[in-house]
Structure formats: structure tokens, C-alpha cells
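Taking it in order: structure first as C-alpha cells, then the write-up.
To keep things simple, chains are lettered A, B, C and D as they appear, and every chain counts its residues starting from 1.
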Amino acid sequence: MESVIEDFKKTVISEGARQLRTSPKNIVVKCPECKEIILGREYRKSLKVCSHCQYHFRLTARERIELLVDPLSFVEIDKDLVSVDPLGFVSQNQVYAEKLAQEQKKTGMKSAVVTGHATIEGIPLALGIMDFQFIGGSMGSVVGEKLTRVIELALHKHIPLLIASASGGARMQEGLYSLMQMAKTSAALAKLSEAGLPYFSLLTNPTAGGVTASFSMLGDVILAEPGGLICFAGPRVIEQFMHERLPEGTASAEFLLEHGMIDLIVQRHALRGKLAQLLLFHQAQSQSMVETTILHTQNTQKKRSQSPSSSAA
Amino acid sequence: MVSEQPKQSSQYAKGKAMEYDLEFEQPLRDLAKEIHIMQQECGKLENPTRMQEAKEELHTLQQEIYANLTTWQTVQVARHKERPRATDYIHRIFENFLELHGDRSFGDDPALIGGMATFNNETVIILGHQKGYGAKDQQYRNFGMPHPEGYRKAYRLMQMAGKFHFPLICLIDTPGAFPGLGDEERGQAEAIASNLALMARLPVPIIAVVIGEGGSGGALGISVADRLLMLAHSVYTVAAPEAAASILWRDNAFAPQAAEAMRISASEVFATGIVDDLVPEPVGGAHRNPVLAASHLQIALEEHLSSLKKYPPEQLVEKRYQKFRNIGCFENSR
Amino acid sequence: MESVIEDFKKTVISEGARQLRTSPKNIVVKCPECKEIILGREYRKSLKVCSHCQYHFRLTARERIELLVDPLSFVEIDKDLVSVDPLGFVSQNQVYAEKLAQEQKKTGMKSAVVTGHATIEGIPLALGIMDFQFIGGSMGSVVGEKLTRVIELALHKHIPLLIASASGGARMQEGLYSLMQMAKTSAALAKLSEAGLPYFSLLTNPTAGGVTASFSMLGDVILAEPGGLICFAGPRVIEQFMHERLPEGTASAEFLLEHGMIDLIVQRHALRGKLAQLLLFHQAQSQSMVETTILHTQNTQKKRSQSPSSSAA
Amino acid sequence: MVSEQPKQSSQYAKGKAMEYDLEFEQPLRDLAKEIHIMQQECGKLENPTRMQEAKEELHTLQQEIYANLTTWQTVQVARHKERPRATDYIHRIFENFLELHGDRSFGDDPALIGGMATFNNETVIILGHQKGYGAKDQQYRNFGMPHPEGYRKAYRLMQMAGKFHFPLICLIDTPGAFPGLGDEERGQAEAIASNLALMARLPVPIIAVVIGEGGSGGALGISVADRLLMLAHSVYTVAAPEAAASILWRDNAFAPQAAEAMRISASEVFATGIVDDLVPEPVGGAHRNPVLAASHLQIALEEHLSSLKKYPPEQLVEKRYQKFRNIGCFENSR
């Protein structure tokens, strides 16, 4: 399920996002889509969107949180949860336990997701933000556990939930433990849904495999950034199976919108506003519900107090 | 999607002589050949003792080999072309199976079948991946790789199970959900995800059994259950070994290595605690004695279903939640 | 919505079903499908199925009831409900009020549906059986009301429901009253569904328009006789809209099975058996449920009685 | 299904001069032409009194004609190419409309739109048939004739309304559900039927408004409501007049007669009691003053919604059931 990661290895490098963070401000970035050169300052100001062709470069989890929530409102939870190597996994080139250590060192992150709670326009919400940098955002036990915990946090605090996906799928190195995180997160979301709490799912480039086939597609409202790859199997695998070239744009966010899978495509600069709007819709309804319930209670009481007299009439 | 009638059981079940056709069965093949030559050369019993010994040796060797299958050997048995299909178990274990069709919005998927049946005087809903018998039927069944319609038919039948309080039995046997263009277009991911969420809250007992291949999300899409069983020579994996090999080894010829590394055989998965029970198979694999294989499964199903029926629905669903909630290996780094 | 009736006018006449009932036993019938001649006796014995090509001739409601339920078990309800002419409807050739009187006289029926309750293999169920003879089985107020009453009967008696459809759609001569019967019957079925009672929908030739788009497609299990036309708009209307000839078999029962709309196609001679099987599935479950509930109650009581001692331990 | 941006309002709304373009408006057309000639001939006010009189006459005549429209004339107004569309009302009456897309399994249907919006500080779900503006957009919107995907998107948004306690507002304006081959294949009938059953039990207030054409099952598929309103010059019919004529008169040129016979105009339907309220339109039809038309509708929606909010959900649903339960005219013949 992690197969689409391959499709992105090249872009990861050409994107130069890492250079941006670690290098002096005057560095330039080349857009992988239109090949235009973008100045570092411009690149930052445009929220890492190419000003020539609107290509949305990937954001790290931290960058996305900064983009979306009220300043200083984010409170992280479970930040020290780290993967173990339950299967003693060794592939040709790699010992998984070593790979984990390397990735942690290289990215400065402990896992592929950042979770917590924050506010947007003053409205509280729970957040799970994935980061493609860390082993392709793949979901193993830690991603599954952290997401489940933040879903349960939303449930206990009775607040809405946002998950931003960026993942090649389930993490093969943790075997069936990874696959079962699909069931675990979906079960938690089903509980959240039963409790009548809204879940907004934001799909970013890429969202694939077991992540798409679980929590990503379960949003009450599903949003996506433009141009991102969103798929189950991914174009490379499909081409292998179908023995034919796929048309340009297959499994893009736009393809999914056309095929009825997602609600909205939102440009990066408008994301915060759209989320605020969605949160406001739900906040308005909670308030209106309280008033309506009071109204119903009053009506019921009225009826009760009237019933003796009406039966007497 | 022609509604043709497939053969309803495997060839071995029809009394065809057993062959040793898997690579690792070479020693068995050799020994069987020896016995065969012996039989031909000395038509009348020239040396009955030697013949008897040879047959016993064959039996012992087969037992030994099958008790010590490697992961990749298990994959081969799980994928054996004559391995009993979902319908083999359905017709042997359940009565009155009535297949129901269609997702009520696009199509009917013969790779994922479902219907109602009677099990110990009780009505159950059965779902199962169906790989098919023989080339034509296998193609018709898309080799057990469902399209979104299959998962949506399953969704509908799960809802029916919930509405009418029918326990749900799912038989898992798929290389994976089909990765085609039409499947992306019609929401393979959405269809699987919806099933995961629905199964998690369904207020009836659910038992899922991996009878052959448990391939990735396509298997999981009908296996969020109170009890997950695996047949002794089945496999359950996060990714097909070939797919994993092509990504991690950059060559799908390393599928055996990938299978070993991911620890996908029933006994390896059982060791993780993710699987609740292993169901024994006849010596040499279920395909050598489908009747016995079905009988083992029937006993396991009876046992687990009757134990699940002790729980009222709310408690059942909460126990199921906790079961999945607790799957995962991680540590706190501080 | 009654548009497909046209498609059937011809077969109605050539079917000769009426002649069979009113004429001597030695009459012959010509199959509209394979053009073979069928002897009256053979025709009856084969349940009005062509022995050469399996063409299913239409049955009247009475014939279908006789075919399906235990002898003498059928108890009809609401048999005297008749249509009125709420709009004073006059079309070029016809005054609706007069047409109603004519049809009643011609068919000996008072409406296009027979409702009641009966048993199959001793298991009780509620029944609504439509009859295409009466104004093409079209649904006006009476069909809607009788079906709604029999759905409510199933609800109150807590028994399963079978509706056999045979209809060109909503009855235009009663205007919006007819359209609203779609909502009325569907609302009653939604209530039945909430109560956890099973509804089996049997589609016979033809089932079209507003009938298909309401109660017919709402069955927990949907069965159809082979070869019947089952559609929303029907081939004639589609060809007008699409300006092309449709392939043979479009909107047949087999077409619907292929497209996932129905559960089963059942030959006429096997219908009673299949319905009995479905009823038995549900009867078995009711019995098993009683046992299970007793088990749960015992367990709960056990737990309660144990809890003092266990807390004492 | 290209996601192109349509014009967001009708031409009249953009200040284009009103024309009398319907057949029955001939007297108005004549009088308007006279006035026009008067204006041109005597550029400076030669006879202001006569001009004033002519204009008043035009106004009176228009009022008279529109107060006495025949059924077929009402059909023409309801189908007027410049009649305000669902989006005209949505953008004028509601705030923050956020359109949501897709049925989550096959496609997104631009002929039936839906989304969330704010109405008097309350969140509502809006559904509406959308006929489109101008040839290109109308084609894109399939002239307001939804495919099954449209009804399934509606189903999803209805469920959302139920889950989050959002009242549901449905704007009806369709010649009917599309009768194509693909629509039969993908279950047009199933999609509509499912909506009827869902709406019947949805535990939130539902108001449906016929703003133009209420065409058959395609209209009913989003209008099982606590309150059914009709704009004064809208129609609601069991079958398109042309279809009815082609069956009952054997010639669709008899559509006017069929329309009269079926009594499909708002006032005729109101007389049956099936419709709960008529919403007034500006003189000469909603397209001559979309702002005023929207304002009338807004008042009606406010009134009905606030009256529905008095009922707790169970009571609301039971009242809705009884409302539909009681529709029908029949008698007992004994």
C-alpha cells in the first residue's frame, strides 16, 4: 500500500523544501510543474504555492499547523510516542529499527503525524496533521495510535476534528500492525460520528493506499488541496495492472471531485477561511440547538400543565 | 458480469488423485513417484512390506514438511489453485445458502459474494471473497479481487445483518482489492473505508476467517470482526509480497524475502495476538481434504459464535472497539 | 410516469390470458416471444410460463395469490376501496370517471391491487399484489391507500410484508394525488423498516415509473420474475431522449440484476419456495433472538448477583 | 462534468430591459411597442398624460393577465428561460452558502446542487435542482434533470442534516429526473425511492419549495417535507404535460390540454390541500423582479421554519408521516 511513495521520491528532492528551511534566505526553488524559478522570499510569502502555475509544494506538519490555527493556540499531545520494530524487519538495504533512528535524526520528528488541539477563529478543534517527510507519511502503530488518541480527545472534549492526510499508505515494515491501524482509526471515527461530532478530512499531496481507504475518506466534509495525488492504488500500480498509460490527471484531487469522492478543492491560502466557516456552521447549530431544546422543553411543560384543564373542559 | 453458473467445488473434492505440484513438495513428489513405479513394476504384491513402509514414509514426510512450512511456502499453499474457495466452505458448513446480489447502485461483483444461510438453526449473513474454479470462472471472479461494488454489496448485507440481528460470518480470500482505473473512479478507497466504520459499530456478532489469502485493505474491508480466525496455512498481509518486494527490494522477485520479513503466515500473525484463533488444516493443506477442512472450520465457528452470543449488543460492540483499540506496538521516548 | 404502458398494450392482447379464463378449456395461446402455440391445459399446468422459451405470461392478482400462499389462507382487506375522480379528469377520448366504471366492469376488479394477509408454509405475512389488467396497474389514491394500509397491517401484526409490483407507474388521471402515493407508501415502508420487519419486493412484468421509484425498489430483498421489464423511464422514452436504438434486453430483470439493482431472479415455479425460505430465515431469527435475549438477561442477572461477592473478595 | 463557473444570476437581474416574450403576453407586447413608438416619435414630452396613461394601462393589463393565468400559461412562466434559478434564491436568502459535492461513489451532478448555509443565524442544508443560465451552463446542468448521482448526493446531505440537526430546505425546479440509459443502469428509480424513505424519517424540519417546475418523481425525490410551498406561478405535476399528452392524447401537441386536465398550476395544486402555502410572485412573474421574489420566499421560509421548530423531532416526524398518510381521494363502495 505504500507503493505510490515511489512516484514522489523525485519530487521530494526537486521540491527543495528542505533546503529552504536549512539554507540562507536567498536560495531559489525550481517548480517541478512549470519549471519556473521561485525566489525563497516569494516562495514563503505564497505559502509554498508556485506563483506561476499554482503548484502546491508540500508543507511539513508544523508549517500546516502554523498556516491553519490561531497563533499560539496549538497544544501538542503524545509527542513522544515513537515506533518500535515489532517484527525485527530487515529488507535488502535496511534494518527498520535503524531506518527509524535515521529518519528521526534527519527530520527532527519522532513520527509521521503531529496531534493536539487548537483554535481557529477562537473555535476549538482537535487536530491530526500528517507529515510526508517521515517515511513517506506511512501509517504504522504510532500514526494509528496518535490519531486514535486525538479522535478520542475530540470525543471527550466534545469538539470537532480535523485530520490532514499526507501519506503513501500503510507502513509495510510493521506488517499487520499497520493494516490494523486502518480498522482502529476507522472504529474511533465511527464512535465520533455516533456522538454527532463533525470530522473534516483534508487531503494533501499525496494521500494513498491504506490511509485513503480508512480515515481519509470518512470525513463528514472532505477537502483537498488542488493538484494533489489522491488514490487507492495509484497510477503506477494501475498502469502495471491495466497494461496501458493513464490519462494525465488520473487520481488527482480534481479527478476525485469529478467522480464525486470529495466535497471541495480549496486553494491553500483559502483553507483557513473554509475551515473557519465549517466550524462556524457547527458552532451556530450547537447554539441554536440549545435554544430549540429549551423551546421544546417549555412546550412539553406547557402541554403537561395544560392537559388537566383541557381534559376538564 | 455474466451470471454464469460456476463449478461448485474444487477438483480434488471430486476425487481426482492428489498431486504434489508445489516446488517445496519435491521430496514428496520423488517418493510418490517411487511408490508409483513400485506399483507398476510389481503388479502383484511382491514386497508388500517395502510398499507399506514407503507409503508411511510419504505420510510422515508430508506431515513434517507441512508442520514446518516457511512463510513463502505457506503463501504457495494459501494460493494453491485447488485450495477450497469460500463456496466450498459455505456449502459444507451452512444450510440453505441464498446468494443475494447487487450494490443497488451500479453492479454486482462476483468476486465478493454474500447471502443468507442457516447455521445451527440460526440465520446468518455470509460474505466471502470468491476466487473461482478453473480459468474461466476465475476470470469471471476477477481472481477474487473485488471492485467497489463488491464492498458496497457487502455494506448493504452488513446493514441487513444489523437490522435483523443476523450474526455475520466473513470468509477472506483475496490477493487484494482490484487496483484498476474504474476502481479509482468509483471509489475503491471510499468503499473499503465505509465498511471499516460500519463493521466497527454493527450490533451483531462478527466472525472473520482468513481461508486463503488475506490481501491488504481488500481483505480488511470485510474483516473488522469480534473474532479473527486464520486457517493454519493461510496468510494475512499489509501488502502483497510482490508489491512489498518491488518497493523495498526494488524487484518483485524478492517476494519470498518480503513475505518472510512481513511475517504473514497464520502462525506468525497468531504470535502477534492480532488473530484470535488458528483453525487446523488437513495434512498437506485444505485442498487435500476439503471436507475435513470444512469440518474443522465448522467446529471453530460454532465455538466462537456461541461464546459471542453471551454478550448483549452494546457490550459486544464495546469489546470489539477495545480489541482494535489495543492493537499496536510503540513506546514513549521520554 | 405511465408511459411504458404503451409498450405493453400489444402483448396484453396477444397474451390471451383473458380468453383463457372466459373461454372453454381447449383454447390455444400463442407465445408472444417464440410464437409457439401452447395448449390451454399445458399453459395452465406450467403456471402460464411458455414451455418452449420460458416466457412468463402475466398473472392476475388472484392467480398470483393462488400461486404463492397456502390454500384458503388469504384474507383480503379493504376490497371495496374504489377510486374517485378528484380532478374531474377528461382527456381527448375519455372521462376518467367513466373509464373507472368501464374497467371495473371489464375486469371484475375494483382497483389495481389486492391486499390482505395469508400464510406461506404456515408462516404469516402481509400481502399487496398488483394487477396490470386494471388501468395498467397504475397507482392512484386507492393503490397508494391500500398498500399503505397493508404495510401498517404488517407493522401492527408484526409480520413480514410482500408486495408484488405490476404497474406502468403513477396514474396520471389523479394528478398530484398519484405522485404523493409514492411518498406515502415509502413513508410507511420506512416506518416498517425502523420496526425491524422484513419487506420482500417482487417485481413482475412490467414494473415502471413511479412504482419502481418508490416501494418497488425499497425491499430488503428484491426478487424478479425472468424477462420482465423493470425500469424508471422505459426503453421507449429513453430512445426518444437519447435518439438511438437501445440494445435488446435493456431494462429487463436480467439487466437490473447485472447492474446490481435486484437480489434474485426467480422462475415462477420456484417463487413460492424462495419466499418460504426467506420467511423461514426471519422466523428462525426471531426464535433465536428470544433465546439470546433470555441468555443476556440471565448473564446480566448473574453478574448483578455476583457483584456483591466479587466486591467483597 | 467540467467544473466550470456559471454566471450566478439571471439576465434580468443584471438590469437588462424586460421583454414580453411569452405567447400569451401579446397584448402586453403590443402596448409596450406603442409606448416605445410614442417615446421615440415625440422625444420631448409632447403628450405626457397620454404616455402616463399608456404605462398605467400596461401595468393594469399585466396584473390582470397574471392574476388569471391558465394552467398552460403558468407552465410557460414556470419554464421561462430567465426565471430565477435555485442559486438566485440561495444567494439572496441565505448567507455563507458553501456548496458540497459528490455522491461519494460515482460522480457529482451539477443538476442537483447542495450545501450548507446560514439562515437567520442558524445552519441549514440546502438542496436544489439547478437549471443553469444560458445555453452552455444549461447543458452543463442537463437542464435541471438530475442523474442518480444527484439524488445520492442529496441523500448524503440529508443524512448530514439529520446527524447534525440542520434543518433542510429543498428548492424544486426540474422537468424530471433524466430518463437516459445510464440512469436506468445506475438506478434512477432506486435513488429516488431511497430519498423518499429517508426524508420520511429525517428528524429535522424539512421545507420544500417548488420555485419553477415540479416535474414528477424527479421533483418528489427531494420534496418529502413537513411543509410544501409553491411559488405562485410554479407547477407541480405527476407527469410532464408533453408525456401525459403523448400517452393519453397520443400526440404531445396536446400538452396544454394535459396540463389543464392534470391541474398542475400552483393555485390548482393548492386547492387539493397537498401544498401547504403559496408564495406570492412579483407581477409578471419572478423573473421580472428576482429580488422581490426572493424576499417573498424568505418571509415564507422564516415563518414556516420557526413554526416547525416548536416540535421535538419525534413529534415532527410523526406529523410528517400523518401529513402524507392522509393524502388521497377514494371511497368505500359498500
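Definition applied: a contact is a pair of C-beta atoms (placed from the backbone, for glycine too) under 8 Å apart; a residue touches a chain by one contact, two chains touch by 3 or more.
Since the structure is predicted, the reported quantities are computational estimates derived from the model, not experimental observations.
Farthest chain from chain C, judged by C-alpha centroids: A. If you average the CA atoms of chain A and of chain B, the two centres end up 33 Å from each other.
The distance from the centre of chain B to the centre of chain C, with each centre set as the mean of the Cα atoms, comes to 39 Å.
We define each chain's centre as the mean of its Cα atoms; on that basis chain B and chain D are separated by 54 Å. Touching of two or more other chains is recorded for residues 104-106, 185-187, 190 of chain D. Across the assembly, chain C contributes residues 193, 217, 259-261 that each touch 2 or more other chains.
Arrangement of the chains shown, judged by which pairs touch: an irregular graph that fits none of the line, ring, star or complete shapes. Chain B contributes residues 1, 3, 96, 98-108, 116, 118, 121-123, 149, 153, 160, 163-166, 309-312 to its touches with chain C in the complex. Those residues of chain A whose C-beta lies close enough to touch chain B in the complex are 1-3, 5-6, 80-84, 86-87, 89-94, 110, 141-142, 144-145, 148, 170-172, 174-184, 186-191, 193-194, 209-210, 212-218, 231-234, 237-238, 241-242, 246, 250-251, 255, 259-261.
Residue ranges of chain C in contact with chain B, taken from their complex: 193, 196, 198, 217, 220-221, 254, 257-264, 274, 277-278, 280-282, 284-285, 288-289, 292, 295-296, 299-300. Considering their complex, residues 104-106, 148, 152, 185-187, 190-191 of chain D touch chain B.
On the chain D side of its complex with chain C, the touching residues are 177-181, 183-190, 192-194, 196-198, 200-201, 216-217, 220-221, 224, 236-239, 243-244, 246-250, 254, 257-258, 261-264, 269, 272, 274, 320-321, 324-325, 327-334.
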